Every structure is written in C-alpha cells, then in structure tokens.
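In what comes next, subunit A is part of two complexes: it sits with subunit B in the first one and with subunit C in the second one.
What follows is the complex of A and B.
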C-alpha cells in the first residue's frame, strides 16, 4: 500500500503551447494510503491518462510521480507493484477459478498455505466459493469479471489497485451487488483503490473522494455530498445530478455576493412560492413531467433562462402556460464567478 | 398515422419471440415500448416497420392492411442504437439523402432547419467519422426526421451515449415529438426514460405485451406484479404477507392497515416503491428497522439498500446522503402508499396518489 503523489502535466504531442494541447493540465494531487478514489468525467477529460500515469503505462511529459515519497516516475507497473482491473475480463480460460485467483500470488512466490488462505478469503468476499474448482471458460461474462476483480484484489502487498470502468460488462441489475462488494472489500482490506468511470452512480457510490475532471483539468475533489451540495465549479454542478444544477445570472434576484456573476441552484432546492417572495423569480411553465414519484417542472424566465424544479407530487403542480414564482435563494444556493464557486 | 396490430405473433421454429398481441398505437403521440432485453421490443418494432412479416396476425396503417408490405413501401423512419450514417457522405448529404431519393424541392432549407434544431449546423460539411458519438446520433436522428414519415420508430436510440448527452438529446427529442407530426414508437429498457418521455407506455416482458396506457397511469396502477417489476427502478420492493382482518400482516407480524377488496387470496404480496420509504417518520407510519448494506448515490438520489426482518428493501431518498455500511437505519412507510397483489400477481390495491393537480 502506498501514498501516491502526482505533480505533473501530460501532453501526447511535443511542445504543448495552449491548454488544448494538454491531455492533463499541470496538477498536484495526493492519493492517501488506503483511500478509495474515483476519477469521474466525460470521455476525453483525461481520466484514463491519469490512471495510466499512476500505473506506469504512460510516462508524464513533465513532472513526477512519487510512491511513499520515492520518485517512481520511470518505474514500470511491475516495479510500482500495481494491480489493475480492466473493462473486460482478463483471465485464463483454461484455469479454474481458484487457479486464476492464485496466479498473481504464485507469480510472486507466495507460499501454498498462504495462497489457499487468501484465495479462500477473496472467493468468500466475491461469493464465488462454490465455483472455485470450475473452469473459467464455462462461466458467464459477469462471473469472469468477478474473477478479474478478485485477481486485482488478491495480493496484500500492492501499492494500489486501479480499476478502469470495471462494471461495463455487468448486467445492470447485478451492478449494485458488485458495487456493494467493492465497497465492503475496501472496508475490509484497506487497499488504495483508484476507479475510473464516466458514470456518476459508480463514482459517487464507490469512492470516499471523487475527482471530477473536464478537458484535462480536475475541477473538484470531494465527497459525494460535497459535489452535490457545494459544486466548486459550474461543470460539477452540471455534470453531477440528473438534471444538473440550474444556472442563472446572479442579478436575477437582489442580494448576490459582490463579484458573483452566476447563481447556481439544484432542481431539488427550487420551490414554488408566493408572488414577489424574497429570493424568488417569476416564470412561465413550459413543461410539467410526471416522473411517477415526483414532478419535473420546467419554466422559462422573462429573460429567457430556463429553470427546472423537482417538486413532490404532494403539492399542487402547475400546468404548462401557468405563471409561477420559484424560490431560488436559500441555504443551498451557490454563487460563481468565472465558473468558480465564490459563495 | 394510426397503426393497428391485431393478433400479431412471431415465432422462429419452436421458439416464440412474440405471443399473440393486439395493440393500437395512439396516433401522433409517443408510445414507449418498455421492457428488459429479450422482452420482444425489437421484434415488435421490426413487424411495425415491415422489416419482418409476422408469423400470425395483421398490421394496418390508417385502416389499410399492410401486413407483409416491405419496409420500402411503408412510410416509416427508423433510428437504431448504433449510430448508422453513410460514412462517405457529408453530414449534409446524410440528412438530405431521403429527400433526394424522393426528388423533393427545398432540400437545403429542410436540412438547415433540422440541423439547427439538433445543433449540428457547424458540422454539415464534415464526414460522420469526424464527429463525436452524440453528434453522429444527432445526424441519424435528423435524417430520420427529414423523411417526415407518419411513423417513426426508435430502438434505444440513446443507449450508447454518456448520460449527460442522453439527458440533453432526450430533452430535444421530447420537444420534437411534441409537435405531433408523427406517431412515434420508442423502445427503452429504462423505466425513468419512459416517465421522462411521457406519452403512452406498452410494458413488455418475455415476448408478451402486459399493459398499454398513458405512461403515468401504467406506472401508478400496474395491473400485475410483472408490470410493477418491469416499470420500477429501483425494482419495487415486494414483501410476502397474509390477509388479516385489518389489512395485511407481514412476515414478522407487522400489520399494514389497508382495506382489501373482497375475494382477496390469503397469501399476498405487498409492493413498496423505493420512493415510498423514508428515513424520517411521520404520524401513522409503519417502522421497518434494518441495517444498511449499501448507499448507492446517483447524483440526484440516494438508494439505501437495507436488510430488514421482512427482507432486503431499497429506499430512494432525494439528494445525496451518506451512510456507513452496516449502520442501523429505520425506514418509515405510510400505509396508504402500499400496493397489494393477489397470490396470482393481480393488482388488488394501489396507492391513491395525490395527483398533483
């Protein structure tokens, strides 16, 4: 297990000049020993580049990678002692489940008794004990991926285990069970885990700390509730949540903090209110969607901005064309300047 | 277009892909085909389009029998999950192709209008391969829309896109469908997508059409356990119970006061939507104590999986809430929010929902 520090930038082409030339803009970041981290962002945001730099598959074009304070920039994945789990199962079809799980340990010369013990423990955690003697070839895709996860987790001496979208091939209704497994395993084994995904559910459920990335930049590192309640950057407000945060000019209601240009409020925190109420804006309903367990009401303000509100069906829901007032200022309202949170 | 399917069935050898079904699509509205993979959605769409002839039954369009009429002679546009465009043609030519085939006038104007509506105007002179996945699917959508076909079929069109793009495009599609130019059929595996699209929903499961009606109504009154399972995400919590004088008694003796219709079976299933379970109590609530197995966080909601004496339950909480694995949790339930199903799975009781308006 290791504490991993990055102080680097990466460009795939030589002589980067502008921001767009970088796959990863200059960054400083620390992954604490035993932490569960997720790198979250849309395709092309740089998350896989960062993962490959941590593992040693890609060498950063500038700066350094340190493992427990020692420079590891030029070390290979083997030298860094990294375990990896990929999108698709990487296993030996001709071996049994037990042999597959034992393989990384055998390679490192671990004694047979310890191997048996550890393989048994991992199989137990993944609920694969009954399949230990089965040949991997005959198993379903998700069972094979479970073996891949097991192979990634079986060694106790790894610096970190890296996951690259590991649940892609898993059937949707089985995903929550594996998410739970991963979380439990992290609790029990206290390994340093780094998980790359474009799926907010995966990242927010798995990680203690989520790094939200866009266009080569990490715009926020925080817990799921940090990202939901206090997005540090408008991109986080937009990307986390479905639908994401509403953004309005800060001048839409009086009382914005000095310097703030944009007001951000999540649809969950917009409420119907009386005409001319404090911190409220007037709008006309353009869409009222019955989502079964709640309503999604979209309104257009007089300045043309769109405002979405998630309303409980326990109240009267306005209809399309109605003029309504919506409260947008409250304890959960955020203010931004140049996309960065200011208050 | 009014599309009417009468006694449509589809089999391949001994294998049944579709059990005989009747379905008349509400004209100029969206019909969502909702079901898991292998439910028969694509098979049904292919019959609707005329790509496949059904093994039995008939298809009529605006009163005219079109069973067995090939797709080329039908007025239909299709969009698939994969982004299908002509790779050697520019975006402009891709969108214009159906119009050129019909030698229509005003092609440039129509292409420009569609490109503007789908935000692909800047890319008209590019090749599809130079675009992102989301943009490529927009091109395919624009081409389908260009046809102005009275019937438009979309088979999981957003499934291969990132969720933010999916959100954006779904929003645009709902607006396009709302113009009422075409009868639209939209297949999806996701209950939430069906609710967001609105319109009407046909719930399918293992080759059977289970229920068809206005989307919110089908959601609120699923006529069977199978519909309730298919049309809930997370899946509706189902708890075994027995009929008692005052309602239903759950396994551990918890009494749920709910008026049962006469003739209910003695063994029952109680259905609890995840959103009906709360972590803050109100007067009259039923308490279910349990241990947290996982808190799944979706970004807007938290799904708390808890192990309780009546079985595993999932509660949906608005917003982001963090729970320690293994910590104790009490779930609260308003007994007026329960569904009750008969031993054979038929709906007996559904919550009287506040309709909101």
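What follows is the complex of A and C.
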C-alpha cells in the first residue's frame, strides 16, 4: 500500500513544443493511500498513459513518480509492486486457474506452502474456489478478468491496483457484480485503487475521487456530487451527466457576474416558468422525448442556442412547436470564463 | 416432409466438373495404370495388385522411404526451433523490421533449381565459398563423393531455403499477441523464458501447426534441389521418394509400378498429415478441456 505522488509531464514524441505534442501536460497529483480513484475521460485524453506511468510500464519524459515519498521514477512495475488489470483479460492459456493465480508468486520464489495458502484465500475472495483446477482458457470473460485481478491481489502488500477499463468486454448484467466485488475488495484490503474508464457511471459509482481528463489535462478532481453540481470546467459539465450541461452566452439573462462569458445549467435544473419571469429565456420546443421516468424537452432559443430540460412527467409537457419560457438562473447555475468556472 | 429441391445440385455442378477434370480424372488414370501391365497401346493386361506388391517388396523403395522420413524429420527438428528463434530475434517495428523481413524472405523467392545450382557452386572446393572454406580448414569435404557430406549438404540447403518461411509465420504470430500480455507478464515478474513458455509459445500454436504441415509436406516431396545438387548421389544416398518415382516412371518407363507407388506415396502423405494435424489439434485443445465442464 502506498501513497503515490506524480509531478510530471509526458510526451511520446521527442522534443515536444506545443501542448498538442504532449500526451500528458505538466501535472501534480497525489493518490492517497487506500483511496479509490477514477480517471475519467474520452479516448485519447491521456488516462491510460497516466495509469501506465503509475505502474511503471511507461517512464515519464519529464518529472518524477514518488511512492510513499521515495522516488520510484526509474523502478520497474515489479519493483513498484503494482498490480494492473487490463481492458482485455490477460490469462496464461496453458495454465489452470490455480496456476495462473500462483504465477506471480512462483516468479518471486515464494514457497509452495505459502503459495497454496494465498491462492486459496484469493480464490475464496473472488468466489472462484470451485474453478481452481480448470483450464483458465475455457472460462468466460468475467471469470478471466477476475483471474487477472487475482494475480494482482495474490501478492501481499501490493502498492496499488490499477484498472484499465476492465469491464469493457464484460456482459452488462455481470458488470455490476464485478464492480460490487471490486468495492468489496477495496473495503476489505484497503488498497489504493486507480480505475481508468470512459464510462461516467462506472467512475462515479466506483471512486471516492474522480479525475476528469481531456486532451492531456486534468480539468477537475472531485466527488460525484462536486462534478455534477459545480463543474470546474465546461468540459466536465458537458462530459458528466446525461445529457450534459447546457451552455448559453452569459448575456441571455441579466445578472451574470463580471467577466463571465458563458452560463451553464444542468438540464435537471431547467424548469418551465411563466412568460418574462426573472432569469428565464424563451424558446420553441423542437423535441419532446419520454425517457421513462422523465421527459427530455429540447428547445431552440431565438438566438439559435439549444436548451435541454429534464422535466418530470407529472407536469404538462409542452408539445413540439410550442413556445415556452424556461428558467435558467438559480442556485445551481454556473458561470464560466475561458471555459473555467468563475461563479 | 421437407420439400426436395433437386435443382440445388446444379449449383455445385461447375465445381464438380472442375474438380473432376483437374483432379479426379487424372488420379483415376494413375489408378488405371497401377492395376494394368501396358505392353503396348493395343495390348494391356489386368494384373490386380501385383504392382503394389512388387513395389512394397522393392529394397530401393524401402531405402528411399526410410531416407525420406529421416530427412523430413530432420528438417522439422531443425527448421521449427530455428524459425522460432529467428522470429523472436527479429526487430518488431521501424524500418529495421521491414529491412530484416526483406532479407529473411530472399531465399524464399529463389526458384528451386536455382537454389540447387547456388549450393552446387557454394559447396565446390575449388571455387565455392563453403567448400573452399571447409577445405582450407583441412576437412576433406565432397558432396559428390561422400554420402554423409552429400546428405548434410542437402539438409543444410533445405534449412537455408525454408527456415525463413517458418520464421515469417512465427513473426506474424508473435506480432498478433497484444501488448497487454507482455505488460501483465512484466507486472507478474515473469522471466524472459516464462514469457516465451507461457505466452509466446501457446499463442504460436496455430502458426506452428501450419508451419509444421507445410514443411512436412514440402520436404516429403522434395525433388528439384537434391536433383540439381547431387543428382541423388553419391550412389543413392540422397535419392528421395519423388526422385525414385521419376526414375521409375520417366527413366525406366515402368508405368505400372510407378503408378502403384504414386498412389502409395499420396496415401502416406495424406495419412501422416492427418496424424500430425490431429495430434497438434489435440495438444492445443487439451488446454481448453476446462471449457467443457465450465
């Protein structure tokens, strides 16, 4: 178990000049011992690069990685004692489940007695005791992914367990089971977990702290409610939530703080209101979809901007073509300047 | 009752005709020769299995068969491990990779009879690099006079000619292994040998099966290179099955025994390939037996 500090930047190209040349822009970050973190962002945002830097598979082109205060920049994954679970389950085809789980211990010269004991414990924790003598190659994807995880956990004192989109190839109905297993293991072992995903539901349900990344930059670190209520960056507002935050020019309604150029409001906090009400804008409904527990009403403002509202089905839902007024200013309204939150 | 539509047969008719014309009918001609003694175009006598019995008792043929099996096994034992080793040491990316691929593939592009000629010259003690070097080392090397030297030269020539094929197949197989396997192995603290034994070798099973079958079939039918290099000599030290067959059919014009032997030859290859294929399949699927009760 370890506290991991990053103070680095990484470019795959030699001699990076512009921001675009960097896979990871200069950043400082600390992963506390025993915390559950998620790195969330679209493909190509640098989250896998960051994970591989933590594990030691990639060496950062600048800066350092520290484990419990000690410089670990040049250490191999094995020396860092990291466990990593990849997007596609990696198992050793010719081995049984038990041999797979024993493999990292055998490579480290652990005695057979101890190996048997550890493999038994881990198999029990993963609910795989019954499958220990089976060939790992014949198992389903979720079982294989549990083996990958088990190979990490079987070592005592792993510094951290890293997950690189581990549920991508898992059937939806098994995803939540596996995710619950992960949380349970986190509780039992108090390990530092870092979980990379592009799925916001996975990130928000798994982690205490979610780091939202885009284009090599971490734009916000926070809990699920921080990310939802106070997006620090328009990207977070746009990326988190379904659908994402509405963004309008700050001038559509009076009362914007000085300097703010953009107003952001979540569709959850947009409400139907009376004509010419304070902090409301007028629009024409272009789409009204029944999403089951709520309606998603899309309207177009006179200046061409699109505004989405999540309305509960208990009220009268306007029809397509109706002119409506929508309140956009309230306690949950955020203001942005240069994409950064100002108020 | 299911509706019967006999018209569907028409759809496979072109294929049936093609296969009949190009494979079945020529093979039947061979069968025809193998059971008759053709004295002249007008006089032919049905002899039943006599030719088959005759060739089976033929000492020369038994010698050639033994020589052939030894040769093919030696080829596999040398070329498969060498090919794997070569593929493992080839650079994986960049221009170096392309350059090495081209260099490795060169020997595959050379026509068989040219390969024979190249080695004929290469092994000459007066002007050939290999022959002259061996002679300079004080070895009395002669592929035309010494049966062992001839045999080793033919073997070496085949290894030179065909190991690159195995290497290229294995190289392709190695490139198909996702990086995550190597990364996981690194994290699990696996040694280089463990990576080879538990990741690379199992993942190469498919291409190795193809390589073994191709190299077995090809080497079992080898003709041109030894024919050009040694002409089957000295004596009959390097006379392999197909050369023996050619001598019978074209040299001595013994069409009956030659036809009978062709069929036996064909069946031997078919049988051995069948056994090899099934054995390798089983080696592979033994890994997956867990799936049955999973």
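Here is the rule we go by: the second predicted complex is superposed on the first by the 328 of 343 C-alpha atoms of A that agree within 3 Å, B and C clash if a C-alpha of one lies under 4 Å from a C-alpha of the other, contacts with A are read in each partner's own complex, and residues count from 1 in each chain.
By our rule, a residue touches a chain if its C-beta (ideal position, glycine included) is under 8 Å from a C-beta of that chain, and two chains touch if they have at least 3 such contacts.
Since we're looking at a predicted model, the values are computed, not measured.
For the composite obtained by superposing both complexes on subunit A, the positions of subunit B and subunit C are free of clash and fit together. Contacts of A:96 after superposition: subunit C is touched, whereas subunit B is not reached.
When the two structures are aligned on the shared chain, A:151 is found in touch with subunit C, with no touch to subunit B. Using the contact criterion defined above for the overlaid structures, shared-chain residue A:268 touches subunit B, although it does not reach subunit C.
In the superposition on chain A, A:200 makes contact with subunit B only, not with subunit C. By the touch criterion defined above, A:179 lies against subunit B but remains apart from subunit C after alignment on the C-alpha atoms of chain A.
Counting the residues of subunit A that each partner touches, subunit B and subunit C differ, and the larger count belongs to B.
By the document's definition of touching, neither partner reaches A:71: not subunit B, not subunit C.
Of the two partner chains placed by superposition, only subunit B is touched by A:240; subunit C is not.
By the document's definition of touching, of the two partners only subunit B reaches A:317; subunit C does not.
Between subunit B and subunit C the least C-alpha distance in the superposed model amounts to 11 Å. Of all residues in subunit A, those touching subunit B in their complex are 42-43, 172-173, 176, 179-180, 183-184, 187, 198-201, 204-205, 223-225, 227-229, 238-244, 266-268, 287, 289-296, 310, 313-319.
Of all residues in subunit B, only 162-164, 167, 174, 189, 192, 195-196, 198, 215-216, 219-220, 235, 273, 275, 293-300, 303, 305, 316, 318-322, 325, 353-357 touch subunit A in the complex they form.
Residues of subunit C touching subunit A in their complex: 178, 180-181, 183-184, 186-191, 194, 198-199, 202-203, 287-294. Contact residues of subunit A toward subunit C in the complex are 52, 55, 57, 76-78, 82-84, 86-88, 90, 92-96, 103-104, 107-108, 131, 134-140, 148, 151-152.
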